[in-house]
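Supplied in structure tokens, the structure appears directly below.
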Amino acid sequence: MADLARLVAAIAARMAASTERGRVASYIPELAKVSGDHFGLVVATADGQEFAAGDADTEFSIQSISKLFALVEALAQHGDAVWRRVGREPSGGAFNSIVQLEAEGGKPRNPFINAGAIAVSDLITDPDDPRTGAGRILRLLRELSGAPTIAVDGAVAYSEAATGHRNAALAHFMKAHGILTGKVEATLSTYFHQCAIAMSCRHLARAGRFLMNGGIDPASGQRIISAEQARRINALMLTCGHYDASGEFAFLVGLPAKSGVGGGILAIAPGRASIAVWSPGLSPQGNSLLGTAALEELANAMGWSVFNPEL
Amino acid sequence: MADLARLVAAIAARMAASTERGRVASYIPELAKVSGDHFGLVVATADGQEFAAGDADTEFSIQSISKLFALVEALAQHGDAVWRRVGREPSGGAFNSIVQLEAEGGKPRNPFINAGAIAVSDLITDPDDPRTGAGRILRLLRELSGAPTIAVDGAVAYSEAATGHRNAALAHFMKAHGILTGKVEATLSTYFHQCAIAMSCRHLARAGRFLMNGGIDPASGQRIISAEQARRINALMLTCGHYDASGEFAFLVGLPAKSGVGGGILAIAPGRASIAVWSPGLSPQGNSLLGTAALEELANAMGWSVFNPEL
Amino acid sequence: MADLARLVAAIAARMAASTERGRVASYIPELAKVSGDHFGLVVATADGQEFAAGDADTEFSIQSISKLFALVEALAQHGDAVWRRVGREPSGGAFNSIVQLEAEGGKPRNPFINAGAIAVSDLITDPDDPRTGAGRILRLLRELSGAPTIAVDGAVAYSEAATGHRNAALAHFMKAHGILTGKVEATLSTYFHQCAIAMSCRHLARAGRFLMNGGIDPASGQRIISAEQARRINALMLTCGHYDASGEFAFLVGLPAKSGVGGGILAIAPGRASIAVWSPGLSPQGNSLLGTAALEELANAMGWSVFNPEL
Amino acid sequence: MADLARLVAAIAARMAASTERGRVASYIPELAKVSGDHFGLVVATADGQEFAAGDADTEFSIQSISKLFALVEALAQHGDAVWRRVGREPSGGAFNSIVQLEAEGGKPRNPFINAGAIAVSDLITDPDDPRTGAGRILRLLRELSGAPTIAVDGAVAYSEAATGHRNAALAHFMKAHGILTGKVEATLSTYFHQCAIAMSCRHLARAGRFLMNGGIDPASGQRIISAEQARRINALMLTCGHYDASGEFAFLVGLPAKSGVGGGILAIAPGRASIAVWSPGLSPQGNSLLGTAALEELANAMGWSVFNPEL
């Protein structure tokens, strides 16, 4: 593993020096304030080691990565009934999210596009106590990462809600089709708060370990989801985890992963590692530019692509 | 491997007895003539063994599975220039194939939807000799499978051409956008002929071995494509190989695979096996119903999902 | 005009006896309660006469016909600035209302589809006093019809709001694109209340007289809008007044008209007549089945189509 | 009518002097060769007079205006059976022509979008003699205009065919859906040839007179179509005659009209006049810029809008 330590440090050094860093998300003011200079990388391996470099302990807004943990929470609560509300197919593009909702009776294609994530948030929200939903995700993340201080960034949450008319449109649209069963406002509250959770690469890499480990958290030995569910969530991450650049990510990197517009990506090398990377500058498709580059280099160097025959 | 032999036989026996067999494709008369009772399964493993059951040596129309070998041929001829004509993202559904062509300047999303496959066929067709394209694919399949008798079924090819107005529409549409550079008629000729290639599960499983083996055909020791290209093609098969049920197949089976409406599927377990299955009855999405079920059972029993951590 | 009196009576008699009456709207419970047996017809002619038959004085929910008067109100307040928020092209179908909103930057195609009407409602609503919007439309209708008792049906308005998630989706979507500038809730309140206005054919025919009369209300002599605006509103009614059956209505009847799912239609024969018809049973496209048939018969018998050369 | 003579001359003078002339169509080389300086205007009135100004006798490519005469020919041959193949609703935009074909089972929305016009061309083409279709349209135009020299411009027709892959895509798509019954190549031959017909404003204004005159050609006294058909074709021209600017044209001008990308427009003032205008520079939506401006001025000055109450 000496190699991995050197590799992680070398990647972080190269990324720190890169001049092409993408554009920091600006759709809400709070995200736009973050400097594009950050780069953090943490690899938590199956044998319990941790390799960190760069801004590994700086907190950032996990945004859409929260959709992954919301799904885990919903599966724990509802099992396969989740799939009555949301599909598991790639959506074929940001551009037609509402088109497809309309064409397909209001059922979102997968839990990682906004519409699908809102449908999942609806499943974990008690309509009479809107704070329950985000609270459940926070509790899960704190347990998995051993970091009881992980919290929602209130300013970001407020900003999300104030500007979230497009997500409100999706929610009302699904409500009209009976896909949401709770109160639209409560469901959106969960969604806006979960997206505003702030945590570091170190905690995120730790939180993802059960997904490289057949559903069992290696730190506690506790089973979070079944081995089959872990495999299936990894499949969803690979086919749908990077919005309309999921195919490209699978093609170049070959790892299940979920990205967020805060610049974070959580990637899973099944049986090998849980990897968190963060760099706020985004590609045109909304995924961390340097984060993707770092994962491509890491996966290729280590032979971690799930499509690698390990000859 | 005694287990695998027993497993293959048991799966074939169960599938032979199944009463839910899907519906045989009827869009061209030649395909509709095939009995839905067939089931064949061949597993060619990395250590050179072959496990066969059922109608393993009956020839069937490989249809869209030919798109995989056309892509290999195009990559061999043109390298990464292929990706200027065709993308590598899931399409998000049969229903909007032309919608997306229109929205995205005529560039097909991936080489496994019809539009993308026609763009690939264009790349391997000599405009002045329409027979070159299908000829190249045939030569490749014969070499890989060691079966010099593999051929185009003329009646099927004629039937494809006579009823192929939707594919002609796609081809002219791409020609209007400059995605096709050859003659539309010649390109379509390649496409209709390649889809009409007939071969058996045994030969198909053999032909797929280089994809489980990092790009090298284990029979001849010859490198067909680079290891990186093999990984990437496997990624494409996983994200796009089953049309608008690709996400579902990844979710349930977890193997790169390409299906055809003739009822065949070629699946790759990297480093382990090349698997061909055939049963003509289709699911509503157009993939072999029993073939999919057989692959799910096989992959789960053997732990072959690429998302499996092999703990 | 003896002929017109006889014709109106004859049409009403035939429609009363018709057994094919369409289906009463059921999307909100209050509308579903109305009997499909009703038929009312009132023709207010340019020379000041009024010909009535059937349920001419029974109040019904005008629903989308309110969009016409909301537009008049918005044009009076804002003039051509209205057209910065909403277009004047047919939408090409109910099915793609959200598709086109998405494809066209959130700007609705015309003021008679729901999205466009909500954008118009936004223009006449004081964000701090949601009751202003519907109030202005009511005042206009009362003046034009001389019926100070015209009012919003509270039960219908409540029902609209409780089930109006699709309209809320449209409103939030336009808010996200900056097309709405007020508060979404206030704007929707105007919209839900205006749709719930109840009035009779007699009052509706009177309210439409300024549109046959170059913008001047013949009863009061007061100019409501300019002659040019009247012509243009008539053009909009002809091209967009019957949702995705507007072309068909122009083809068969040839009169500017606006329909509502309550079963009412207001049609204008420029220079000749303002016609209100009501029969609650709807065609599959959501327009009054017998109302349309009655207008076709009336327009053909009187030679009132705007496409008639009056040889 | 002294006024009309002066008005026509004044409009032509103003248009000749205009510096904003739009852009000449460039999609086929032959059209791009035409100078944007041309402007011609001819008004043929119901009382048999003719008022001409500018390039009234210069021939131009009528392009989509031919769709109107193809429809007349198809209605003469097949009557209402035409409407089984093509609808009569506005399409809601160039952008989604194929989208809607796909969504609506291959049936085009109206006879004036390309798909619909090709379906109409199919109806008047003898599959075994591709020249019949364009021949029938030519014969009709020659009779109506009294100009036996009207002909197809061979260079334009060749150019259309050589670059017409988008239209070929539409044709094959409809053939796949059973909307076309003839041979695709023969149907396209009709379509490409009819679009390449060249004639002058004078001849075009004459050819349109039967549409202002209830279906009877005033020159010959011959009934071309029924009065009802004439009304209905005028309705179609108003709702669908200017592609995705039809609503705008109805709003601003208020006359049934059909435009072509050659820069010609034929407009009908029922009972008053048949008007042909030509200026090659186009608006972004593909309609003659100065031609539209001229018609707006003429219709307003004469009070010819069909929405005018003639008080």
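Observations on the structure shown:
Read from first to last, the chains carry the letters A, B, C and D; within each, the first residue is number 1.
Here, a residue touches a chain if its C-beta (ideal position, glycine included) is under 8 Å from a C-beta of that chain, and two chains touch if they have at least 3 such contacts.
Just so you know, these numbers come straight off a predicted model, no measurement behind them.
In summary, no chain was found to touch both subunit A and subunit C.
The geometric centre of subunit A is 32 Å away from that of subunit B, both derived from CA atoms.
The distance from the centre of subunit B to the centre of subunit C, each centre being the mean of the chain's C-alpha atoms, comes to 55 Å.
Taking each chain's centre as the mean of its C-alpha atoms, subunit B lies 48 Å from subunit D. For subunit D, residues that reach two or more other chains under the stated contact definition are 95-96, 99.
If the chains shown are joined wherever they touch, the resulting network closes on itself as one ring, and no chain has more or fewer than two partners. Contact annotation for chain pairs lists A-B, A-C, B-D, C-D, with touch applied as defined.
Contact residues of subunit A toward subunit B in the complex are 46, 87-93, 95-96, 99-100, 103, 109-110, 212-214, 230-232, 234-236, 238-240, 244-248, 250-252, 254, 256, 270-272, 305-311. Residues 95-96, 98-99, 101-102, 165-166, 168-173, 175-176, 184 of subunit A are the ones touching subunit C in the complex.
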